[in-house]
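A short worksheet on the structure shown next.
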Amino acid sequence: MLKAGIIGGGGYTAGELIRVLLYHPEVEINFVLSQSQRGKLVSDVHDDLVGECYLHFTDEVSFDVDVLFLCMGHGRSRTFVESHAIPENVAIIDLSNDYRLDESFVYGLPELHKAAIKQSKRIANCGCFATAIQMALLPLASQHLLQDEVHVHAITGSTGAGQSPAPTTHFSWRNNNLSIYKAFNHQHLGEIKQSLRHLQPSFDKAINFLPVRGDFARGIYASAYIDCDLTEEEACQLYEDYYAEAPFTHLSRKNPNLKQVVNTNKCILHLEKHGNKLLIISIIDNLLKGASGQAVQNMNLVFGKAETMGLQLKSVVY
Amino acid sequence: MLKAGIIGGGGYTAGELIRVLLYHPEVEINFVLSQSQRGKLVSDVHDDLVGECYLHFTDEVSFDVDVLFLCMGHGRSRTFVESHAIPENVAIIDLSNDYRLDESFVYGLPELHKAAIKQSKRIANCGCFATAIQMALLPLASQHLLQDEVHVHAITGSTGAGQSPAPTTHFSWRNNNLSIYKAFNHQHLGEIKQSLRHLQPSFDKAINFLPVRGDFARGIYASAYIDCDLTEEEACQLYEDYYAEAPFTHLSRKNPNLKQVVNTNKCILHLEKHGNKLLIISIIDNLLKGASGQAVQNMNLVFGKAETMGLQLKSVVY
Amino acid sequence: MLKAGIIGGGGYTAGELIRVLLYHPEVEINFVLSQSQRGKLVSDVHDDLVGECYLHFTDEVSFDVDVLFLCMGHGRSRTFVESHAIPENVAIIDLSNDYRLDESFVYGLPELHKAAIKQSKRIANCGCFATAIQMALLPLASQHLLQDEVHVHAITGSTGAGQSPAPTTHFSWRNNNLSIYKAFNHQHLGEIKQSLRHLQPSFDKAINFLPVRGDFARGIYASAYIDCDLTEEEACQLYEDYYAEAPFTHLSRKNPNLKQVVNTNKCILHLEKHGNKLLIISIIDNLLKGASGQAVQNMNLVFGKAETMGLQLKSVVY
Amino acid sequence: MLKAGIIGGGGYTAGELIRVLLYHPEVEINFVLSQSQRGKLVSDVHDDLVGECYLHFTDEVSFDVDVLFLCMGHGRSRTFVESHAIPENVAIIDLSNDYRLDESFVYGLPELHKAAIKQSKRIANCGCFATAIQMALLPLASQHLLQDEVHVHAITGSTGAGQSPAPTTHFSWRNNNLSIYKAFNHQHLGEIKQSLRHLQPSFDKAINFLPVRGDFARGIYASAYIDCDLTEEEACQLYEDYYAEAPFTHLSRKNPNLKQVVNTNKCILHLEKHGNKLLIISIIDNLLKGASGQAVQNMNLVFGKAETMGLQLKSVVY
């Protein structure tokens, strides 16, 4: 059994990690650290765990674990890592954006860096939008087919904004509402471009990305299009080949809808060719494939477990 | 033209008041006071008013108006009234609960106290749950038919909780969710009982009231039942007679649904008899008939205007 | 008083028309025709009208009216017009797409053809997506600034799909869900291009349009971007000038959200410049500015009424 | 490995069964029968299963299985059973209401009849409302404490109405809406009373049950209250004792919310005493603990498996 510690245990991504690890057959949760919740039952904060989890939050960190998940939020992971002498043999999986552009960590996208992840104990888990968008574009980059501007539109659930209250996460505001934010400037563009250039070093075109706040809690629905000379069938073949070894990423020949992936670690892709435009639809659950599920997938790879272990999750579907 | 001033202009009920008064044919808004928003455009805070309203929030109160609407929240209205020398001829319509049990104000439910409202300049506007529930029970009380315990269940939209963020108004929590709060103890029971005893002084039975947080923004769906010897037809006749002069309160012979009243000042009632139980369904928009719409209805009565003036609002329906 | 007849009275757009016309100060509804609902009370079908409307559906058409609204659905308007001898002096406002590309009708977008509408009795009311997208692009076309491909993404509420049940309008499916449909091929592209070429005859670039089914009932949230050499301020000035005489179309300097326009006849626009890309956000209520509200706006123009008469509607906002 | 056949495979409960059985460690799905979908991929109909399930629907029944799940809808199970010679050793778990009041089947509520279920091969799986309400009342009945009328209110998700379209399952209608149906007369009252009398044969009081259509897809939020002389602590003790051996049914000392159980097989209960009223809140997922999850729980018991096998499901929580 792997022993896991979770730092920053009160937030959404930590909650999802706990839910997944609780039934992972080869992990036991050693501790869940939260300064603000210390002493409380984990199930008093993540209250769906009533009857399933009897852990209490602690405020004392321990490095007598196999893997540490850092769920503290952007900026605080680096501070934590730099201020503690974490043994090298303890795997660190960081869910913040602190190390995603940093060579001291492997960028934790199994569909791109599976071999490197297996060899590393320092993993920078990908951003949620970044995961959905990379899935849409990596196969093209692998063939150096990103030859023009890319047009990306992605709609995210409210959990992507975390649990701190904000005007745009107030139910009275967000219910039945939509709005664009950070148009063309979202912070995930950096990690997306890094990955695309890993495969297609010459890529220098714009990624025109409009992120949208959706009126649902979970999921990212991303669409991308680009001029492309492949036929629809050639493109489908390319994607199926590229993701042949990816157990969670599937090409759907039918036009998909977001709820096909909600509450799962899957990414479903769909391709359509219209004129010379190749449309790629990419859907994930932002908290699972876009955060905690992918973190466990990375953990499985780091420790040589089956990639899907503990991650065969029932979708909510309705 | 009546000149209106609004105190506490940044919240939900003030926003609704402004929306209604803006197109009221015999009112002009003299000022909207908000300490926290002073200097800002009203349409920067109530942003649906872009292009329709060019007022700025002020922080200076003026009593050179015909009517003052107090929208500051519970407890603060009394402080305001007691610390200012408001001229007697200025009508005060208080949307808080500060004066609802206080004889110095008329309880502002037109379906119960229309004559008194017309004679008064001090109106305590009713609570939202209180409005929906009284509508369901007043006709029975008027005939002294509340002879047993009353069982009431009412589900409210999130706007009933105001705009300050709370864990239970976070979108990620409330979307698709439900929860009961203040079971059997909601603060509106006091004003409800006061009204019922006004009509049926002997009423001394329990009102078993379960308030529920619903996963929608506007509206209250209330149901009540009680043992009753009237036939369904007799009960319908009683309700139609009682509300014959109420221009916003209607009996529906068909089973209603909440959205029939959302964004209107209407109350729709429906009766069914099952065995000896009389079921009454009562639906309102909590921000209009349950707050700002009723405030304008009261203002119309105080100033001898047509009761429906400015209040013939299009429902959102879908 | 204008006498109005409504043909095809059981659907969503007819319901909205009735709601608006009921309180229009210079219109009376002469009849509402529906074969399927004949004999029923209008308020039994459009049940939010309980207590407000005592009309019954008829199945007999009359041309003793000033204006006929055709709400029967696409394809059926032309059949109706061609099979009846409608007097020339009876204004026809057709809400289907049958005559939008037909020179015998004026295309009913007041922001483009106000003068022609005032002179005509045959109006082809615009499509909902078409309205939102044209509002975003007309000012640019007016200056011949559409010099490159346009990228458009628009998310619509479920009422856009009408009231006939479909798998994609089932609540269990659509709640919290998203999906793209008719990518690059939506039928409204024809009328959009016709209007753009009316202003900029040389326009021959692609409009890359992704329509999305949103998980809300009312509203369209459209975004468009294009390469543009104007500064943000120049662009704002252009839009304010273009819409100076448009009483429902407003430029917001703040980033808007969909609910600012829901249940109103307004269109709110917002501009941002990012690099050389001009982003335009355009939001409307699909049933009002995108259908029945615009139909009444057109009627007002045809009969020389104030353009906003009967259309100063309270937004639902929350 | 147990071999399972599913009859009536295209509906919601069959979909949920397939999702659960797919990762059940000791079951393999032998066939999924659907006349209407025959030949199609299961994942074309239950499209969240893309990449996970490669079965095709069949229209040929086989009895070479260990367990048959009947998911055909009410009335059709009895017809199927009576018209086929199903071997006695094949377990039948019927998800319709056909056999719930029939002594030839064991009523499949493990919290009431665990021993009998273990001895039987004919199981009538409980209704969804019936499950939630029985969970709230069984401990009281076990002590003969149902001495007065019971007041029950329960709000259900849209999946409870099945996938056939109906006016009340249209998204445009149901979104943000509420309505009561079958007040005091819901068909589940029969099975509820049968169970209560099994524990408290003298029970003859009314169960006043108001079912409500909620504006969410999954879950039932039920509340019940009754006059009761137990203290809150005594009542909690009674419930904890009664459910001591129930692995999915838990008493929460905190006031719960519906999403704590959505997408799980759990039932969470909560008790509050107000005056002499005992309030019981009971929440389940209608498709899992209220249908397919409970069916698998029953299957586990019939075949001597661990009761929770395959049912440790991650809640959707947000």
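Here the chain labels run A, B, C and D in written order, and each chain numbers its own residues starting at 1.
We adopt the following convention: a residue touches a chain if its C-beta (ideal position, glycine included) is under 8 Å from a C-beta of that chain, and two chains touch if they have at least 3 such contacts.
Everything quoted here is computed from the prediction, not taken from an experiment.
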item	value
Shared interface partners, meaning chains that touch chain B and chain D	A, C
Chain pair, C-D or B-C, that carries the greater number of C-beta contacts	B-C
Maximum centroid distance from chain C, chain identifier (CA atoms)	D
Same-residue or different-residue interface between chain A and chain B, half as cut-off	same
Separation of chain B from chain C, taking each centre as the mean of its C-alpha atoms, in whole Å	34
Chain C and chain D, separation of their C-alpha mean positions in angstrom	45
Multi-chain contact residues (two or more partners), chain A	12, 157-159, 172-173, 175-176, 215-218, 256-257, 259, 262, 318
Touching residues on chain D, where the partner in the complex is chain A	12, 15, 19-20, 22-23, 44, 46-48, 50-52, 157-159, 175-176, 217-218, 248, 250, 252, 254, 256-257, 259-264, 266, 268, 287, 312-318
Residues of chain D touching chain C in the complex	12, 157-159, 163, 165-166, 169-176, 215-217
Touch list for chain C against partner chain A, complex	151, 153, 155, 172-173, 175-181, 183-185, 206, 208, 210, 212, 214-219, 221, 223, 225, 255-259, 262, 272, 274-275, 277, 279, 281, 318
